[in-house]
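Take this structure, written in structure tokens, and hold onto it; I'll ask about it next.
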Amino acid sequence: MPKLLVVNGPNLNLLGTREPEIYGQQTLENLNHTLQKLGKDLGYELIFFQANSEGAIIDFIQKEAPGAKGLIINPGAFTHYSYAIRDAIVSVKIDAVEVHFSNIYAREEFRHQSVIAPVCRGQLSGFGFYGYAMALSFFADTKSDE
Amino acid sequence: MPKLLVVNGPNLNLLGTREPEIYGQQTLENLNHTLQKLGKDLGYELIFFQANSEGAIIDFIQKEAPGAKGLIINPGAFTHYSYAIRDAIVSVKIDAVEVHFSNIYAREEFRHQSVIAPVCRGQLSGFGFYGYAMALSFFADTKSDE
Amino acid sequence: MPKLLVVNGPNLNLLGTREPEIYGQQTLENLNHTLQKLGKDLGYELIFFQANSEGAIIDFIQKEAPGAKGLIINPGAFTHYSYAIRDAIVSVKIDAVEVHFSNIYAREEFRHQSVIAPVCRGQLSGFGFYGYAMALSFFADTKSDE
Amino acid sequence: MPKLLVVNGPNLNLLGTREPEIYGQQTLENLNHTLQKLGKDLGYELIFFQANSEGAIIDFIQKEAPGAKGLIINPGAFTHYSYAIRDAIVSVKIDAVEVHFSNIYAREEFRHQSVIAPVCRGQLSGFGFYGYAMALSFFADTKSDE
Amino acid sequence: MPKLLVVNGPNLNLLGTREPEIYGQQTLENLNHTLQKLGKDLGYELIFFQANSEGAIIDFIQKEAPGAKGLIINPGAFTHYSYAIRDAIVSVKIDAVEVHFSNIYAREEFRHQSVIAPVCRGQLSGFGFYGYAMALSFFADTKSDE
Amino acid sequence: MPKLLVVNGPNLNLLGTREPEIYGQQTLENLNHTLQKLGKDLGYELIFFQANSEGAIIDFIQKEAPGAKGLIINPGAFTHYSYAIRDAIVSVKIDAVEVHFSNIYAREEFRHQSVIAPVCRGQLSGFGFYGYAMALSFFADTKSDE
Amino acid sequence: MPKLLVVNGPNLNLLGTREPEIYGQQTLENLNHTLQKLGKDLGYELIFFQANSEGAIIDFIQKEAPGAKGLIINPGAFTHYSYAIRDAIVSVKIDAVEVHFSNIYAREEFRHQSVIAPVCRGQLSGFGFYGYAMALSFFADTKSDE
Amino acid sequence: MPKLLVVNGPNLNLLGTREPEIYGQQTLENLNHTLQKLGKDLGYELIFFQANSEGAIIDFIQKEAPGAKGLIINPGAFTHYSYAIRDAIVSVKIDAVEVHFSNIYAREEFRHQSVIAPVCRGQLSGFGFYGYAMALSFFADTKSDE
Amino acid sequence: MPKLLVVNGPNLNLLGTREPEIYGQQTLENLNHTLQKLGKDLGYELIFFQANSEGAIIDFIQKEAPGAKGLIINPGAFTHYSYAIRDAIVSVKIDAVEVHFSNIYAREEFRHQSVIAPVCRGQLSGFGFYGYAMALSFFADTKSDE
Amino acid sequence: MPKLLVVNGPNLNLLGTREPEIYGQQTLENLNHTLQKLGKDLGYELIFFQANSEGAIIDFIQKEAPGAKGLIINPGAFTHYSYAIRDAIVSVKIDAVEVHFSNIYAREEFRHQSVIAPVCRGQLSGFGFYGYAMALSFFADTKSDE
Amino acid sequence: MPKLLVVNGPNLNLLGTREPEIYGQQTLENLNHTLQKLGKDLGYELIFFQANSEGAIIDFIQKEAPGAKGLIINPGAFTHYSYAIRDAIVSVKIDAVEVHFSNIYAREEFRHQSVIAPVCRGQLSGFGFYGYAMALSFFADTKSDE
Amino acid sequence: MPKLLVVNGPNLNLLGTREPEIYGQQTLENLNHTLQKLGKDLGYELIFFQANSEGAIIDFIQKEAPGAKGLIINPGAFTHYSYAIRDAIVSVKIDAVEVHFSNIYAREEFRHQSVIAPVCRGQLSGFGFYGYAMALSFFADTKSDE
């Protein structure tokens, strides 16, 4: 079964308790569970990772990318300044989709710029929980037969 | 059957012939056909509109929004300067998703800014043809029971 | 009876339903009716025009300006980028007053710049419905005997 | 009789002699006289104040605002940098209208920004002497029955 | 006989009456007539189009480009913000020359930037009426035998 | 008994009535009274001054600084543009602490820059009434034995 | 006994040896010891943490915030770019005070901007060692009875 | 005897004690005395004024300009933001020379911009005490016979 | 026979060998030869000059301008920063046309700004070799009978 | 034998596989091996460190700097935003040389700024593998006898 | 007799014919003659130099500075970009005064910045011919006895 | 023996006397002598050139580049604005290394940008005299066998 990486950046481990009016009331565990099931239905194994540390995320991408079909990543606040994660994605040549819970273009000015999006296949933001499923479907429906 | 509006902005009528290395080889007609079928499966009627004129797009949104559940819009180049389309979306209070074929964050500098995204529910870019289907699924799966 | 042009730009046809907390609850029809009456009292015939299309507004200005004493214009969102409407006003050499319902300097950053005001006689913003009457009085009281 | 404050900022005491091609040939005394008469007709008492000192203007606003229905203010050059006058207007919670003789958007770049307008009800510029009358009418016609 | 498109943007229909100190005293009809004759001498058929509407210009380019050897375009004020016309030129892959009556680099700051020039073969500005003839000669003398 | 100057800038005389949700409900008189008592306990005499005029504040600093151990200053809106007060502090070589009631970094953009802080010993903002006491303690606890 | 978190960011473990002309000659251990004693006097238990890693600081805040009354944080160089620490503070809804040894507004340009201050209760900078005590007093004196 | 105005802005009354390494060790009184003598030799009466208040400087200029041949002004920190003094100079149509003790272009960034210089005859900076004499000679040698 | 100056700036002496994909394969000598012939046909004597030195170009313009009808200048890289050449053109009051081989608006950002164009009659770029001929025709056809 | 530290930042552990057209085909192990040999020849012991984590790099610098003669550092993407590493270098007062494989000034805009270079002895970029040897020689040849 | 250098930059050799409404009607020869006489009266020998070439000016400064007491320089357009002349002045450690005929702060935006002034003793602009005499007096009156 | 060009820009002929605290105490002659010897050892003939004139440097590069293996260039102040030298390097397709004595990133803001580095193989700055030797070694060790 082909593998997909699902990476969540800083503070996303607090999903469900963190600003629920923005991020909803489900936990990261719920999210991963739902995605795992959906992934199985679509014929994919999902490998989940969350960290508050930029270095740990780079380590994970470097280690797991070689055997994976793609990367779904919500870099959290790293979206706006982590050129190191950007370089990691380019270095391992993985097909990546950047996901954001909230619509980052409707929030503070600093959230409008992603330094990571330019090296991804695509970006989606504002679809909450469902956004991850959208990214997963994208890989399943368009990539399996390339 | 609930209705969804699907609006494509300037030059998207040339899909299939316009820069196929960026926009793919299918025509807008193909796209609409595929979406209509998918919509029907999900229980939605889709109303398509394409125009090269900003005013025509605003007229369409004003006229059709009242009876519609949502709006999927690829504003084309208007993305970057049409504050008038932005105002139209706010004025009719419609739930909108902004879609782009290509990853606008990986192209020319001027394409990195959307003046419309801040008033949309979400934005997705870089998923080509499939992006419209993702937006459609979003409406079908998350909005039907609100 | 001397003529004055009253031009409203995109989405102003939705007055009364569009964001009533900002734009009030009266319709454009109400506005025009009130102004027409006031105009008659002051000895002016008013010619009304509203369009969502930049080109249509330019066409109107070009056609009607020659026989008119002045132009009251609320360019809506075009205020912020339509150099073409600006050029139209200069081209026909009409005395113009720019009007805005809301105080554009108390709203989003992008609304703080008008590309049209520099070629107008004056600008007024934030007086709602009454602002059009103020502009009309200006023409009636100061221009009739020039 | 309800009271309205009319404040003129630095160098406006030179009206009539200062750059008459921009500011006209009438003096501030003429202006005040005309406004006083108009105010009386509309049922308002006007209290005039002019100063070249930012501090004096703030003192005046703080002292007179409590008993007044509104403030008509032409801050002169203070328009462009006096955050202290801005704060004064907010502090006393008075309904203010910013007025400028000339069209500030048609003059030097630095005159295009008002730091005071964002806390006013509205702004009008370019109508010369008559602009004060417009502001006065606004208060009389729209505010008396709030 | 090979065809060339000649497109004039907003307010250029007012040539001859619009700011004659900048744009000269001949009308657009005169211009087209002169060009048509010169075109015939050089073995080209010219198709003229003028519109105040961005959408109409895009429609025209899309429709006529397939059968044409090149495009001479004076986008008027659209020069400075119409990314949609820019995209149209790229979409139809036509060889375009941007022309301006006046020297746009000697006028207001906002006229110094063309968003369309980067996708044209070349740009020329400041040669008045004669500039169109220069562009026409360019096509005739350098392109016929490519 | 060593002396400390406590200077409050424009509109701070309105404390207690001015935007109480930001500035609290106590008056400047209350503040001074509380500080005077605290000062006495710590062995300091406090000299209070408030003015809405930049010039008056500079006059005060020039006159009182020579005999004083330090300056606690809340420049109000002058924080953001009074290079003249900045120069005054440098000119008299006094040890100054800049204080703000509210957290200026959580308010409007223009409040984020202090032109005075660079010439002060330190700055504190966001601690309301208590911030003045903090500044006072700083002088009492760290400066008395230098 | 209520708890307060005291977090020091990168390179602050070198206090006493690092640029003593800026940061003084006492070590972090001295600082913590002094604060612990002061805290005990004021009825607070202090929990200290220092790390050179952004991720470790976020981990600490997430873990300890739930049981704590407040956070005293000197983010060191992270002050200027760690949107991830900013998000952590918001996510756990803790009352935070940002502290800096030196007056950051009197140093290099890049140190003038804090991306963390906007989500804190307040900020103080330039009071050296004593600044932590000021922050501690703030919590003890103003927060205990809320 | 023709009159010349000599105006010194904020903190220049501290000459001799203020940052002597920049401003020298002579007092303003010395300066005025020296200039008065030099003026007399050149056939001019000098009228001196110094104030820390922007408003007072404007008042002085307005009052004294009508009878004066010229103005020598060192606006101190007002140089960088007092558009009101700039307007005063234009309003009274006086021939002005801006003088600075120190070379403002060799100091902090904010001192590099003068908002007043554009409306002066000329500007000189960096010549210390002697700069005033240079300005005085300029008036005496070039203006007396115009 | 009237004279025209043809000036080429730095590195244009390398035409034919320098980046032929941008500048073509003909040498400067070829260019001059072709232009000389064309000039003769049109009744003009051409005086050619090329230098890598800004000063030499200014010397040439100063010396030859008095007897010449116009100047065709390709300033090469000096286009983007030589205010001295700009001043030279203004100083000698010559009618100048700025020419560029390549379309400077389709190349690096720094090439988009010409400091010389604002003082020229017009600018043309992107027409390669033929651009010089266009400029020559402009002088011959429009200037001879002024 | 004196020691030199050699630190490589994020993603440099992928040398040899990462974008070989930019970074060459040798691995980090090869690089270290070559350098170690060269170091030995020059009388230096080299201590190597690579990490994807900013905090780990700071920890290493803090721990090893005291016994070392110098630091050769390629901060990778941290070059562009890690003020924390910058502070670490200053804090331990080590003589540092910044090295980059590729010419960072010939790549994306964001790579043109180094926040670390200002606190280094020097910077070199674009010499690939050999750049480290150059830095090593610099220490060996110029520093040994200081 | 002590020597002073007087350097004039590009296009200043055209004085008298170049834009006389800005630069007056006297020639550079007149200027030098007048200055030479004034210099002799003050006990100085003046050495004049004018060039249109930046390199020639640097050569002159390098050669003549060692034996000179000071430098009066009007760098013409080089004022705004010649960092090389700036470096020359610093390199030879000469006391320099920058002079401009016209008030550069009242002309085009680009003339407002001098890259040379920061390394001069002072700058004066707007005094025409007489400005050179002012600079000369400055050297004679303040420098002779240092 | 293969040849290498060594070019030094403006004011570098003053090495040894110019700001020795920055540039050291050896002369350019010393530098060239040392390099010549080192070059001979490495099997290279070095051709030296220094000029204060941009044009002379371009002339030299154009003349000597064809027979040379590479270029070591310290453009001095031209680093920051000479697009003409940049174009020269590209035009002759020579492999260039940019060298700076001092660390340009630790000096004035304007020295942080090199317009020449983007077209060089690499850049090194801050290594003083030794930097040239590093560049020379780079050519000798890495280029000889390409």
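The letters A, B, C, D, E, F, G, H, I, J, K and L name the chains in turn, as written, and every chain counts its residues from 1.
The definition used in the following text is that a contact is a pair of C-beta atoms (placed from the backbone, for glycine too) under 8 Å apart; a residue touches a chain by one contact, two chains touch by 3 or more.
Every value quoted in this text rests on a predicted model; they were computed, and no experiment measured them.
Common neighbours of subunit B and subunit G, listed by label, are A. Between subunit B and subunit K, the least number of touching-chain steps is 3.
Least-squares overlay of CA atoms from subunit B onto subunit D yields a rotation of 120° to the nearest 5. Over half of the residue-numbered contact pairs at G-J are shared with one candidate from H-K, J-L or A-G, namely A-G. In summary, the pair subunit G and subunit J forms a contact in which the copies contribute largely different residue numbers, shared numbers making up under half of all those used. Mean C-alpha positions place subunit D and subunit G at a centre distance of 47 Å. Our note on geometry: subunit E versus subunit I, Cα centroid distance of 23 Å, whole angstroms.
Shown for subunit A are the residues that touch two or more other chains, namely 53-56, 81. Each chain pair that touches appears in this list: A-B, A-G, A-J, B-C, B-E, C-D, C-E, D-F, D-H, E-I, F-G, F-H, G-J, H-K, I-K, I-L, J-L, K-L. Those residues of subunit A lying in contact with subunit G across their complex are 9-11, 13-14, 17-19, 51-56, 76-78, 80-81, 110.
Across the complex, subunit E is touched by residues 53-56, 58-59, 62, 81-84, 86-88, 90-92, 115 of subunit C. Put simply, subunit C touches subunit D in their complex at residues 97, 103, 105-106, 112-114, 117-128, 130-131, 133-134, 137-138, 141-142.
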